[in-house]
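Two complexes are shown next, each including chain A; its partner changes from chain B in the first to chain C in the second.
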Partner chain A sequence: MAWQRRLLRVNLTAGTCVEEPLNMEWAMKYIGQRGLATKYLCEEIDPKVDALSPDNKLIMATGPLTGTMAATGGRYSVITKSPLTGAVACSNSGGFIGAELKQAGWDMIIFEGRAAEPVYLYLENDQAELCPAGDIWGKSIWEADEYLHTKYQDPLIRIACVGRAAEQGCLYSAVVNDLHRAAGRSGVGTVMASKHLKAVVVRGTKGVGNVRDPKAFFQATAAGKKTLAENAVTGQGLPAMGTQVLMNVINEVGAMPTRNMRDVQFEGAHRISAEAMLEPRESDGKPNLVTNAACFGCTIACGRISTIDPQHYTIQNKPEYMHASGGLEYEAAWALGCDTGVDDLDALTYANFVCNEDGMDPISFGSTVAAAMELFDLGAITTEHTGGIEFRFGSAEALTKAAELVATGEGFGRDLALGSKRLCEKYGHPDLSMTVKGQEFPAYDPRGIQGMGLAYATSNRGACHLRGYTVSSEIMGVPVKTDPLSTEGKPELVKAFQDATAAVDSTGLCVFTTFGWTLEDIAPQVDAACEGGWTSESMLEAGERIWNLERQFNLDAGLSKADDTLPKRLLKDAAKTGPAKGMVNRLDEMLPLYYAARGWTPEGAPTDETRQRLGL
Partner chain B sequence: MKITLKLYASLARYLPPEAVRNVIEIEIPDGASVHEVLDRYHVPRGEAHLILINGLYVEPEQRDEAIFRAGDVLAMWPPVAGG
Partner chain C sequence: MLKALQLEPEKCTGCLQCEMACSYENEGLFNPSKSRIKVFTFHDEGRFAPYTCSQCAEAWCMHACPVEAIVVNEATGAKEVIEDVCVGCKVCTIACPFGTVNYNADSGKVIKCDLCGGEPACAEACPTAAITYVDAQHTGLERMRAHAAQTIPQG
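And now, the complex of A and B:
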């Protein structure tokens, strides 16, 4: 099989690194990565544990196809209990470190406890060593990466690292790998820093063998690559325009959350879109976009590599920001731009670079800045709080200064590091936080895309588009077109997307393959790699099992039906413009039907029959 | 009648040079269909996947019908997706 069949358990309190066999019985039920690591987490921690205490654990997990020749087979996930939401957290990242970990001979690393002093893990094939991180604690991710590459004199080591934001306790800190790929959401980086673990350095030269049926694997992965290459989205659209192509689409359909979701269309959207990233600048005649980029094994290559206008105010006397680096994806461009009302493409790119350099989730950061701007607008926050910054919607200066302050944990940055929910509570306006379960919304307004309202409300990690991306059906027509303004059929649609995505997230593949693939394309690849007799049906069932396992963790952690809701603004204040003008999200029509479709009680708990059916 | 035409992503190449930021106001005959507008600007029908009028999806079977009203906004994309 494509499994290495072993995990590394790192006890940071004791300073030990111990090899253990991977639980293959669980792998047969939960596939790997998101599913398998969640099973480990559920078995090993009390769901009520303080997320930032040594009793929480943090798992870095690969899937069975990570590190193989399957297209996009380079993904890994970070699984823990979230300090932002109190729910289960699972953040997925590309780049190269996932494949490197597998090639070093490990399927998973479980970190437990807390080191007395900052450390990093150095992992070279079988050799695992905890090393003092005093020289890099307090440094940015980019500085730490350079230090470690210089120290080991090996350009091929792969590094996952937390930034100063995480060290300072920012609740939406990411684990950044390969400089600008991130396990971004839910504060997984905050947990890592709370364990005094600065970085994980990996070098693997063993390769990934043990494929169950090599001939079938060659055939299945080659067929999959052909499908992706011939698909207009994965073969042409994403490599050329990236996810940012959605900026004008979502604005046109009136589902662009704008100015902390006061509005559903942003007048400046075209200035920060994929099309704008291709326009030559006046200063140097070059466009923002330098090239696209691919993660390990990826044949799509949706990544953006960008530069900032050399004359832009943000980078004067900052040579470290004058080179090409990870550019704007749609989610970052929306949160940093539309939600704050800022239409300065270079300011957004700068804020995105800062988020990469110091490991902040740009969705949560941008949304929190947007909430702060609304609080400033109402007078609940003043320049006395902000240290003199005029925190007005549309202010690029406020946005970029905020990024710097959160990155270093200074001044008003400490308030912004709390996230939108705690910030709005602190300043007396909890209803202005655009969050579910304490996690900030992504870039689709559920008044204009009804199914996404249900997807957000029921997402196991708080508001998230990647737990059930019904946008694909409601807007793009993949796999079938549904009406974004209707709630009909959405409970079943959301469930189907959630279950399928949970399965894909557990394989080591990128969820973007699903724009071209279905589980019918993925199952033969997993089955050829692993024992288990995987079919599209058994993978979908595993996805449903994973979803219910996560749900049970959250219920045991103290969450309930009351947390499956949306902010009042989206349920009471109608959209002002666009096709959804006059509409709110009709969650009340969908939620009971969703619970029924899931086989849950009216209170949102899996019934005994459902648990039995899924083998939970 | 006058309508606004927006062509994005790889369809932008079919815009007349006077278009600004992917947008141009055009004059179409009364009763024109979406497909007739596509043909006039040499946009291959197979490339225009996502077609919106005033932000609302135009079903494939509606694309030969006279559905425009003066002032409508017609926006089109090739197959796109994101996240």
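And now, the complex of A and C:
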């Protein structure tokens, strides 16, 4: 059955932890993790609720394959209403805590209400206890992690935690687990901190069993692992280079958002790329990259473990940063680097460490710094606002200082903690915010990759590459090559990617497997583990159901067709260089066709017929 | 040919596939906490290391056992715990200098690597060949080969 069939409901207001059976009728329609938790959220909260009020809920959810031997079967997601976008939020993380939660005998935890004083949850198998967090509130995630490991004298506990940024209300705060893996986007950490919940500590020794058909499961998962090992991206590119393998590729196709998306190519990309991370540095002869690292059960192992140059200005007299930790992934390297114009690899690694240590989404943080730099360039922000910092594009000092200020909620960090949209509104230039639905863009300029423009505009959690990664098709030719500069066929392509991804995100598997796998590879693994007769068709339909459920939540929350758009810069200002030179994103050509392909009205609402077809 | 598990920490990514394979083989569950092989993460150094019983020829655990519950499997050379005989006294866990024999509170017996009867599930599951099952008399062969390669004149 692979599901543990039980959830833990934690009422922080009342201080209670209660076991409930998992709604298996819903599991058959929404699988688990993203889909199933979104169903719970939709049933249990008013979509119009203030995201930071006690009436919002926060769900930590695993999928049926989490904690099993399926390759990458260690994922969990944090689902809530986002304070950044006002839309549904679902942020996915690897590391080890998702599997540990499952090993402890739980499919998900629903947090509701707000504790009177800061608390953390200690969960050891069936024993759940809310404990006072006074000693760790106000501490960084790394400090809290060390405190808790010392307190319990147990190296095997797994911890998810929010940092000082979240406590201070930074709107793009992450929930960080295992020191440097994160449910990063949409401010899910901000919601957790608003509930006065500092950390979740888990120890599970019960295991995951009762796989429906063990023999079929071992066959299907072994076949899947073989496919991943033999695939050029998942077998070679990602283990060797990590997601940073993309830095030079995307820059060359002219889709590298640069300096708050003024440009589409970054002249310093080669200095912050995967290749640069392998170059021995002068000071100690060691490269930035120490090793690649796997999350639970992952046979790809794309994680980067890095060190900062011991001579670098950022860590002088700071021994707490003079060790290996989570290094730059592509999105972080882009947002902290290309988008701010900074090409100092060690400054980027330091900013990344700070984002991990205090739980900031490096995409939203970097993009917000980029917006601030453009506002500074225009004179809308001055050194009077920034506390004397020259916020110029390309300034590593401005970037690293900004990270420290947001982490601790001090000075100009309070403005930067608002995110790009609110910052640009505050300083009178709303058009300079490179966001959709209030969430900052990731690392693909939609002028050079047309389908991504539609994927961003229609993403249910605001601008995001992980809701429909058509880059796969448009740039890498997976599963079929399409022309990145054409809009033809993109509405259907975006829909197909969105639906398939929603299904994958609900299983406990990592979306990076889809460089090598399709649902044809995934469905047999899910089916062997779970009841329900899962096929690639029924999984794709579940994905479409989940997508429409999320959409309905957003519509009920007050979002509309008007929010399915892109910043003017991407629709009006042509790319200046590269293969997409002279082009804007032609969203208007794609959006009506996308609504039609989805079975939505011209106003972007699912029709009754569509809702009925999907059993909504 | 007598074979042994060869562990090469520099190849390990810390994915724990070996722990899941071990626990499933022995307990019928995916449960790293019941694994006979453990992967250790040295976070600050960015290193991972798998570790398990090396099947000592003169096994401390076997000699320490007061009820002779640990016996040699002549085919594999593994020192195996006979569950029906083990009384859970844990003397072997004290005797083992490497900590690779451990007590399982659920069963009241000790658990240790038994090489899965000659087909170790951990080696089968390892995606990076950090764990392999090779000729017990030549576990150093690959390292020797690597060093030997350095002695070949270049060009």
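Assume the second predicted complex is superposed on the first by the 616 of 616 C-alpha atoms of A that agree within 3 Å, B and C clash if a C-alpha of one lies under 4 Å from a C-alpha of the other, contacts with A are read in each partner's own complex, and residues count from 1 in each chain.
We adopt the following convention: a contact is a pair of C-beta atoms (placed from the backbone, for glycine too) under 8 Å apart; a residue touches a chain by one contact, two chains touch by 3 or more.
From a predicted model like this one, the values you see are computed outputs, not experimental measurements.
Once the two complexes are overlaid on the shared chain, A:Q103 sits against chain C while remaining clear of chain B.
In the overlay built on the shared chain, the residue A:K206 is in contact with chain C alone; chain B does not reach it.
Applying the stated contact rule after C-alpha superposition, one finds that A:C42 touches neither chain B nor chain C. Shared-chain residue A:V290: touches chain C; no touch with chain B.
Of the two partner chains placed by the overlay, only chain C lies in contact with A:S325; chain B stays clear of it. Contacts of A:A229 after superposition: chain C is touched, whereas chain B is not reached. Using the contact criterion defined above for the overlaid structures, shared-chain residue A:Q244 touches chain B, although it does not reach chain C. Judged by the touch definition given at the top, the superposed model places A:A301 against chain C, while chain B stays out of reach. Taken together, the chain A residues at the contact with chain C in this complex read 67-69, 71, 96, 103, 156, 179, 204-209, 225, 229, 239, 290-299, 301, 305-307, 323-325.
Those residues of chain B whose C-beta lies close enough to touch chain A in the complex are 6, 8-10, 12, 21-22, 49-50, 52, 54-57, 59, 73, 75, 77-83.
Every residue of chain A that touches chain B in the complex is listed here, in rising order: 231-233, 236-238, 240-246, 248-249, 252-254, 270, 274-276, 329-331, 465-466, 469, 472, 475-478, 481, 483-484, 511-512, 515, 578-579.
Against chain A, the residues of chain C that register as touching in their complex are 13-17, 20-21, 23-24, 27-34, 43-48, 125, 127-128.
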